[in-house]
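Each of the next two complexes has chain A plus one other chain: chain B in the first, chain C in the second.
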Partner chain A sequence: MIVAEQKPLAEIAENIMEAQKVLVVGCGGCVTVCLSGGQKEVDILATSLRILRKKEGKPIDTATETLERQCDKEYVDKLAEKIQAADCVVSLACGVGVQYLSERYPDKCVVPAQNTKFIGGTTEHGVWEERCGLCGECILARTGGICPIIRCSKSILNGPCGGSQDGKCEVNPDVPCAWTLIYEKLKRQGREDAIYEVFPVKDWSKSRDGGPRKYVREDVLL
Partner chain B sequence: MSEPAKQDGEFTTESKLERLFARGEFVVTSEIGPQKGASAESVIHHTEQSKAYCDGFNITDNQSAVVRLSSIAAAVHIMRHGGNPVIQMTCRDRNRIAIQSDLLGAYSLGVRDVLCLSGDHQSFGNHPTARNVFDIDSIQLIALVKMMRDERRLLCGDELKTEPRFYIGAVESPTGDPVELRVMRLAKKVRAGAQFIQTQAVFDVEKFAAWMDLVRNSGLDQRVNIMAGVIPVKSVRALRYMKDNVAGISVPDELVDRMANAENPQEEGKTIAVELIAQLRRIAGVKGIHIMPVGWEDVLPEIVTRAGLQLRPVAD
Partner chain C sequence: MNAFEPRIIAFCCYYCAYSAADLAGSMRLQYPANIRMIELPCSGKIEHNMLLTAFEEGADGVYVAGCMEGDCHFLKGNVRARKRVEYVKKLLDELGIGGDRLEMYNLSSSMGPRFAEIAREMTERIRALGPSPLNKASTRIKKDGERA
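Entry: the complex of A and B
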């Protein structure tokens, strides 16, 4: 899932500027799962904004809503009425949700309430870790199911670098060296000879370096 | 993957290092970190001072991700003052386009030796918020230099009018872990085209010797010229710092104690470096020494002289 972290209240407040009627919109997808943008967080943020503005002597009205998903036009359409009544919309979705709202309601100012961070998962309650860099051409089959693109700090395809020590990455002793993990996994599966294979240079044009990507399924087009 | 392309009496390059290794000379290289500024003064000073005591100067490429005079520019200054430069080329700051262009440029200026490495992460340097590149990795870089040289092609397949005939070097971390993975990586670097290896600094000769055993068992010492790395240290503080903070460096406690108890730590540091060189030289398969004075470049002539290596051979 997409992992996002809420921005500091002061930054959100600054971005809504002089608005007096603020609609706070959550998303029922990833950000609900990672506890940063679901209904609960929507309520807390709306309340916090009201309190802050009241303290500043510039009270505001807030309305709230949490869509099933903000990255889906069908759900975003349902907001039409509530948005009409607002001067400013605060979105607690990932960057896609914010852009979808902004695209659908181009006359309204839509403010992001989150820093969209990465795709990852929970490793323990309250801890999320990045697992994929969306490179567009997955090589996990050859790396023991561990992604060197994102889990190696240098995206090395033929690692480890000289900085790996005690199985940790040179960048941070709390981070495992992806290549030590890969080696250990391959060894466990009796496939460590795969390390000898020289991975050719990667085609980054399939990643973000090829410009914004688009995926079309001809078979399901209407 | 093909073997290094050397036949009897034939060289892959015009590199002085390649000739010295081929003749069985024990090669000595040292390292210069160019200064943080738009002047080559220190590079020139060290070249003048030490050129008679080593066969090549390795020039770091924005070492520890700290911006410094470019290694290619420094190489030109070294050549102008009679030294033999080995440029470092890292993958951190350049994509494949910039790397190939810089390699062509360096060769056109007279550089004949290149050391391929991934580079320290930018989080260690003076621009920790920089965007890094790491478009290709060090093994892919080795293979790329070999491809440009032996196939006369760029990575994309385009033909080169003039190929850069570089002698290709790489680094390895013999006391890094897991040790068997370090040997596999070395094999991979050799297969990709590495012809000489400079190792991370060795303080733990025993550990290094154990790694060399593995290297010899896999026959790698016959296919690549391995130079053991030596760092002369000035103080016990510097030694402890390396022990605790520099990845891949293992320092035995006896050595730390020796430095801690030394009356004159600088003298002791030099003596230790001289002793290490003597011990490393005796290990089968070690073809040279790479001295990395990191900020203590002035000490090079004395260490080389005391190690009995001051008479440097003349190439050809």
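Entry: the complex of A and C
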């Protein structure tokens, strides 16, 4: 899922400027799972903004709504009435949600309330770790299910590098060396020889270097 | 001298603080009348936004009173409550209200005198801090010579 972290309150407050009616919109998808943008966080943020503005002697009205997903237009359409009544919209979704709201309602100022961080998973309640680098061409089948693109600090395809020590990364000793993990996993599966396979230069045009990507399923187009 | 009387909301767990308050009453213990109690089935029922809303609606101070750590009727409710209180303290600092206005206490149902002591402690703390920035304009601050 997409992992996001809420922005400091002061930054959000600054971005809503002098708005008097603020609509705070949450997302029921990834950001609900990573506890940064669901219904609870929407309520906390709305209360916080009201308190802040009341303290400054410029009270605001807030309305709240949490959509099933902000990255699907049919859900975003449902906001029409509430958005019309608002001076400013605060989105607690990832960057996609913010852009979808902004595109669908171009006359309204849509303010992001989060910094979208990475694609990851939960390691324990309250802890998330990055697991996918969105490189567009998955090689996990050949690396024992451990991604060197994102888990190696240098995204090395033929590792480990000279900085790997005692199975730890030179960038941060708390980070396990991805290539040590890959070797251990391959060995456990009895195919450690696979480590000798040399990966050719990666085609980064399938990643962000190829510009914004698009994925089309012709068979399901209406 | 200011005659500021703080308004304090106490979120009290049914199994400890709420019973301790009953006991304090039976023991005829005196404690400040500034405390408004809200009974919870467990201090773990508290949510971040409930604490914030209390301030928004005019509280000068808020505290959550749960069972002694390790003695929660639902195992970890009071530990969760403490974490939520800590989180909201930081939020209150960010909001300029001040995290000191919020506190978490642990006590057992037999601690009637401690309940009264906590009420006094919190009232004195908030009295020293003065009214919440949200209530600064409130008529509850009466200066000498002013009429109530």
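What to note about this one:
Criterion: the second predicted complex is superposed on the first by the 222 of 222 C-alpha atoms of A that agree within 3 Å, B and C clash if a C-alpha of one lies under 4 Å from a C-alpha of the other, contacts with A are read in each partner's own complex, and residues count from 1 in each chain.
Heads up, the rule we're going with is that a residue touches a chain if its C-beta (ideal position, glycine included) is under 8 Å from a C-beta of that chain, and two chains touch if they have at least 3 such contacts.
All values derive from a computational prediction rather than experimental measurement.
Look at A:Met1: by the touch rule set out above, it reaches neither chain B nor chain C. Of the two partner chains placed by the overlay, neither chain B nor chain C lies in contact with A:Cys109. When the two structures are aligned on the shared chain, A:Ala194 is found in touch with neither chain B nor chain C.
Once chain A of one complex is fitted onto chain A of the other, the partner contacts of A:Ser153 are limited to chain B, with no touch recorded for chain C. Comparing chain C and chain B on the residues of chain A they touch gives the larger count to B. By the touch criterion defined above, A:Ile119 lies against neither chain B nor chain C after alignment on the C-alpha atoms of chain A.
By the touch criterion defined above, A:Ser48 reaches chain C but does not reach chain B.
Across the two superposed structures, the residue set of chain A contacted by chain B and also by chain C is empty. For chain A in complex with chain B, the touching residues are 153-167, 170-171, 179-180, 183, 192, 195-196, 198-202, 204. By the touch criterion stated above, chain B contacts chain A in their complex at residues 1, 91-92, 96, 117-121, 123-124, 132, 134-140, 143-144, 155, 171-173, 176-178, 181, 184-185, 187-188, 191-192, 200, 247-248. The residues of chain A lying in touch with chain C in their complex are 8-10, 40, 43-44, 47-48, 50-52, 54-55. Residues 47-49, 52-53, 55-56, 91, 94-97, 133-134 of chain C touch chain A in their complex.
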